[in-house]
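Below is one structure; the comments refer to it alone.
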Amino acid sequence: MAGYTGSKDDYLKRLRRVEGQVRGIARMVDEDTYCIDILTQVSAVTKALEAVSLGLLEDHLAHCVVDAARESDEAGAAKVREAADAIARLVRS
Amino acid sequence: MAGYTGSKDDYLKRLRRVEGQVRGIARMVDEDTYCIDILTQVSAVTKALEAVSLGLLEDHLAHCVVDAARESDEAGAAKVREAADAIARLVRS
Amino acid sequence: MAGYTGSKDDYLKRLRRVEGQVRGIARMVDEDTYCIDILTQVSAVTKALEAVSLGLLEDHLAHCVVDAARESDEAGAAKVREAADAIARLVRS
Amino acid sequence: MAGYTGSKDDYLKRLRRVEGQVRGIARMVDEDTYCIDILTQVSAVTKALEAVSLGLLEDHLAHCVVDAARESDEAGAAKVREAADAIARLVRS
């Protein structure tokens, strides 16, 4: 079980939509669509992926980090460290 | 013809790779992979899409904006305005 | 006491440096420095502020969120919710 | 003269406001203000700086890049290259 297991179907649905959007962008490139219109679509996909990440992160804090905090000081500190690294990657990507 | 037409095959290849990565993330969710590992993968996809956007934007400046600047003041100003809006969306996404 | 109290002096030092950098950018603008050089400086300041935010966020998770998780389910859930909102603002800024 | 010279006073005013906001954040840290409230303020400053960057970039495209495009192919290509690098730094910061 992962922190997001309760919303698994929702994440899968969103990821399939993103997959379709990426395929749509490839089609636009193939048809020489105007650059700016492609950029708009790529920004939409990036935002959708960002929303997936923020959701997964909240689920992770709510389950894995909270559970570790209750287990022991060491377990809590390790999970916080790991979550902070993931947040940094997310902010910088 | 669009600004990126010369590198079309390269963009198509990158977008197909992104599509495969998104499918891989859905598989990870389906198999209850650890949240942090999924987040790492989503960040990788976001970075890949960002690189596509930056490439398309540079092609757009190098062709469409430069051509418009040579055509007339009005055409140049309109393309700069439009490119600036696309850059803002990219920065905020 | 706040989550970051232990590293207060370090944050204060970093914020004073950022303040000086912003003043330096104003001076560059005043002296008509080349646009690209100013942009490089603004990016450096943004990165420095981002690092401050990531540090504060980690301190917050390590102290306030961990403490709340140990207090009760409700307290933990409320702090996670609040932290997730702050992370979303950070990612989008 | 730089691309932004026409709006110099406006940029100076915005940068002084940012400087004051950063000083305000240092004061908040000094007074042990709640972490989340500080994070909100840092996000506001980052957004303000981002708006300054986007403005400077548009001015740069509208003046320096357009002028270079009219001067010669080489000059145009060099300025586009340089602008694209600045945009990449902005997107990643």
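Should a chain be cited, it is by its letter among A, B, C and D, assigned in written order, with residues numbered from 1 in that chain.
Rule of thumb we're sticking to: a contact is a pair of C-beta atoms (placed from the backbone, for glycine too) under 8 Å apart; a residue touches a chain by one contact, two chains touch by 3 or more.
Predicted, not measured: the structure shown is a model, and the values here were computed from it.
Q: Based on CA centres, what chain would you say lies at the far end from subunit B?
A: The most distant chain relative to subunit B turns out to be C.
Q: Examine where the copies subunit A and subunit C touch and state whether the two sides share over half of their residue numbers (same) or under half (different).
A: same
Q: If you average the Cα atoms of subunit B and of subunit C to get two centres, how far apart are those centres in Å?
A: The answer is 28 Å.
Q: On a C-alpha centroid basis, what's the spacing between subunit B and subunit D, in Å?
A: One centre to the other, that is 22 Å.
Q: Counting in whole Å, what is the centre-to-centre distance of subunit A and subunit B, each centre being its mean C-alpha position?
A: Subunit A and subunit B have C-alpha centres separated by 18 Å.
Q: What parts of subunit D, by residue number, touch at least two of the other chains?
A: 50, 53, 57, 83, 90, 92
Q: Based on which chains are in contact, what kind of graph results: line, ring, star, complete or other?
A: Graph shape, chains as nodes and touching pairs as edges: a ring.
Q: Quick check: in the complex, which residue numbers of subunit D touch subunit B?
A: 50, 53-54, 57-58, 61-62, 65-66, 69-70, 76-77, 80-81, 83-84, 87-88, 90-92
Q: Could you pull out which subunit D residues touch subunit C in their complex?
A: Where subunit D meets subunit C, its residues are 1-5, 8, 11-12, 15-16, 18-19, 22-23, 25-26, 29-30, 32-36, 38-40, 42-47, 49-50, 52-53, 56-57, 59-60, 64, 82-83, 86, 89-90, 93.
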